[in-house]
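Next up, some structures in structure tokens.
Each of the two complexes below includes chain A, the first together with chain B, the second together with chain C.
This part shows the complex of A and B:
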């Protein structure tokens, strides 16, 4: 119970397992690795964005422009391929665009000191507008088969891009959890003044967080183009909020300084799983957002209750020595009891 | 002097904040193995100077030499590489990281680092759980973590900005042992404190700052206490309140009062979080000290009286009416006012104007009345000598002592019948301290009961009519006026009898 609370990742994992169990209970034929890899395939984009959002949120910032960055980068890879460049060059081009977009967000927030939410709200429109201007509002179609091949399964139902996502998650998780460089991200979000005073390059760290976020959005854009095979002009819109929701589900605090990449990964996976389960149950599509929102709120309320219960319990233990001298006397007030198993 | 080049040399350092010069051509030198004490009133510029040394702030003009090398713009990272470490006045921890991570933050990984940390903690006899997150620590423990952080860095120049403000005498003594050990290793230490006896004990040199300039400098043995206090005190201020100040301080005449020696507060067998079975009475017009070690339940008691923590048993009576179950708001309305320990976290609205902060407990109508409120601020500005430009200034821009005065002003403005003040002089300079003592006396003289919590036991002997001493959550006894001595309070705080 305590372990569960200290470990938000574990509770997200349990939620995933529980939802999978519900799915299997209702239809045994879904009990397969294939179902999992199918969910993973549709979760890839959100996972990347959630990992990016983790870095930004750890430094106590927020980026709501990633949806547009995804669209811009998907367009970039499409335009480059259709004008005859090779696949590696096109992907590098998209990565560069993503890095620039993220860096620009960082510049606005760090150097020009615009609050992150306002700055990225501005670039949300700016990047979307830039994308429309670039293509003249037209969709990009007829992408080469070489790009689409990247999202064909190669092993255990996972595509090359799927493996790339896993590698990126692993690297990001290792970097943030194990290296001194990663620790700086936590420090900056936790107490900026203290981090500065202890010699952390706070501006560089925050700029890098935004830039990494942009690059991850670029990879997400490439995956989008590869999976769908064309790039509509509303590509990626609304993804930014989903990414933030996934992070919150996975235990990353909006106030900075806490959370892990694994949590974000699981949160993104869980959000996509809800959508997929609804599709498998053949519920009309308009239920999706409603139910996803409901589940999100449910998880957060439950989590909050559990946390309160734990805090009460800890408090009672801390002061357990101080019991009134006459137990059972009329004027004795009962300490609020810890609710057992709110779940 | 064993080494003739200074480790740290400041020459004509000046600094302005929004047009106000806070440092005026400061000259300062620190040599290896020196403990250089820096004294001065709140807002004298000590902390700013230290921040410049640590690279957190940049001087507008002047020259800073470290190990004989000049630095125009010192960055925090550079300062670290040069071995300068600043233990700031207000603990700067990462609340979400564990204590261990906080202490070892950014230290190179070494195999014996854990052992060294354990050893340092043993030498300081501190028992902070290393695995706990920093946000769960109390102020004194946070300060200890900061000090440990400084000691673990093996700094060549260690700056301690009021390290002893919330330490107990025992902890202070152990810290001094560490400082002396570092001194023998040739570390240069700048030591800021408001406590003269401490400085006499540890420092070899003293500099006194006033209004952004160094006004007195010399070896400790050559300087008299009198000289130091005179140098610190602005020329136009005395240690007693003038008659006009007292007049400004008069509380409103229409407030509810009780005659002297009326039992304002009666506590019967009160048990709560952190204390057990307390019974005592407080009378109108007396100042009662509440002494005890950190963790003895003093602050918890105050918070329970104010209604921030639940009562687990027993009763509280305010003016003979039971308030054990009342909410904080109704306790406030009945004249029970609490001045919290940590002014930064639970006291002030740092980004709000002084005006708001002063009237926060006592807003006369639904609408804001800026003129009336500005007049209130002006009254306290004169009465307490708060250094401010205007009432709309945000509280964050004030220095620590002035912030404390704003907080006091708020409590007085709320028409107290019982005033509970928790560590009112923490981080406040000698001159402002004297002001605050006078203020407390004048408040008590107007038939307000005052319950004062302090770790600085010296304060009580001159101020309190009675002192209640707590030990591990229980009342260990009471001392009355002539017999209030630091020795007997200490021995009772450690669980012994009257000395």
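This part shows the complex of A and C:
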């Protein structure tokens, strides 16, 4: 049980399986790959944002502006397509916008030393306003069919963009877990000063974390435009909190240095699954947030209590040798002296 | 330190005056005293919730669930009034709901030891969901909410006292109370130490956990007050009434000089910054700038001001970085 709770990816996976089992138990016709791929389709945006948030949160920062970045990039791809550019050019343009938005966040946080939550709070409004200014408050409609085709299933119910999401997740997971470059993210978040002493390019790593986050938000924006077929004004608002919630569910600590991309992926999937299951049960939509909040808090309380117990246990072990032995106890060992400690 | 903070408040006041004069130059109607006073009703709720939020931030925490708390209180109030409850009882119960929401946050933070940002993120969904649930069960349609309240209630927000609108008077009273509590009472000093160094506060035998319940409870209470004012002002209770208040309230607290990492902040600064943010929205609207653009400008204002403060705080660091960048052009290619 303890191990299960400590391994957040495993427990998130189990939660997903359990929820799926409940769904299937109540209605056998949902036992199909189609249900899974349907949930995945609606989870794609959140998954990308959660992966991006992972990178930022690993470096002990936070980005609450991604919702607006998604909107901005969705607008970018829509405007570029409607003014006659090709699909690849439009997507590159959106990516570029996302990268700039993310990089600007990074500049504010890293170079100008503004606390991340304050800086991204500012850019949340700034990007949203920029987006509305750009479109004049109008919706972008009439997107070409070539964009919409990207979110139509090609194999096992997954669209080309869906495969792109899977590839991005795989690359990010591999990079953060296996490469020295990826481990830098953990080092920076765990102990900034130590990471610098070890020769990690701390500023570059943090800047890149924000930039990658912006680019992932750009892809999410493209997916939004492709799935919905038009770009409303409020595109992406509220997603920033959902992405962070998904990360927290997946075991990524806001204190930096802990968590994996797989955890974020599973967390995002689970959050979307809750919504989908409620829809399939034909519960009114107003249950969604309530249940998501309950689940999130339940996980947090369990996790927090466990962590406290663990810390107490470690502390007790650490100090047990200082506790005076019971009177009359035999074979009392002397407090071990280590001469090396002096050095 | 004290002198610097005083300077910051004076600077805020100057910015506020400059802002009003600037908008006055664009649209002379803005300079009308009545206009200035009565337009506050549109945004004063930002200030009402920003004040206790400042205390929370000073204590090293944060509460992002307050928007949802406002929604929940508003819906609860609406449901109770619709059921024909006497106004005074409904108002008291609404305040109790808000207080409970705040205490629930504090209890979770206390019980789990997890960072307040994460906990209140969870309760953001929980309270928001509860508000949606309640309004759904009461049969309110999404955007219209619960309406048709007794006139005595809807008139409340439009009353005047000594020629001042009631919400503004409430804001002034609350500001005074919080100023006394924060800067002139023992409780406030405790909060500052807890924000500076919780461990030291614990060793000094300060009631760390008790203060936690105190500050979050006050946020809940203030959210309930804001909900009552909003419902009375708009004449309808909706679950999303508070959604747009969180970001401006945080902006006001941060602009007012609160350190997001805890340990410093100023009630007067927050109050001034709330007016600054509010008049910015108001003035832009009157200058004919679309509503949406004003969100960009308030975001930009936040960034510019914070950059300014950051530059003045880290002057040495920035100077050395600048020199290094100029010395080795290659380093810029990050």
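Here, the second predicted complex is superposed on the first by the 299 of 343 C-alpha atoms of A that agree within 3 Å, B and C clash if a C-alpha of one lies under 4 Å from a C-alpha of the other, contacts with A are read in each partner's own complex, and residues count from 1 in each chain.
Here, a contact is a pair of C-beta atoms (placed from the backbone, for glycine too) under 8 Å apart; a residue touches a chain by one contact, two chains touch by 3 or more.
Predicted model, so just to flag it, every value in this text is computed and none were measured.
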Contacts of A:199 with chain B and chain C, given as first, second, both or neither: first
Touched partner set for A:322, first chain B, second chain C, both or neither: first
Touching partner for A:303 - first (chain B), second (chain C), both, neither: second
Partner chain(s) touched by A:129 [first = chain B, second = chain C, both, neither]: second
Which superposed partner A:121 touches (first chain B, second chain C, both, neither): second
First (chain B), second (chain C), both or neither touched by A:258: first
Residues of chain A touched, compared between chain B and chain C (which is higher): C
Which superposed partner A:86 touches (first chain B, second chain C, both, neither): neither
Chain A to chain B touching residues, read off their complex: 180, 183, 186-187, 190-191, 193-201, 253, 257-258, 315, 318-319, 321-326, 329, 331-333, 335-336
Residue numbers on chain A that touch chain C, as the complex places them: 62, 108, 111-115, 117-119, 121-130, 132-133, 137, 203-204, 207, 233, 241, 244-245, 248, 254-255, 284, 286-294, 296-297, 300-301, 303-305, 307-308
Residues of chain C touching chain A in the complex: 62, 64, 108, 111-115, 117-119, 121-130, 132-133, 135-136, 247, 250-251, 254, 260-261, 290, 292-300, 302-303, 306-307, 310-311, 313-314, 317-318, 321, 334
In the complex, chain B residues that touch chain A: 54, 56, 76-77, 79-81, 86, 88, 92-97, 101, 105-106, 269, 271-277, 310-315, 324, 473
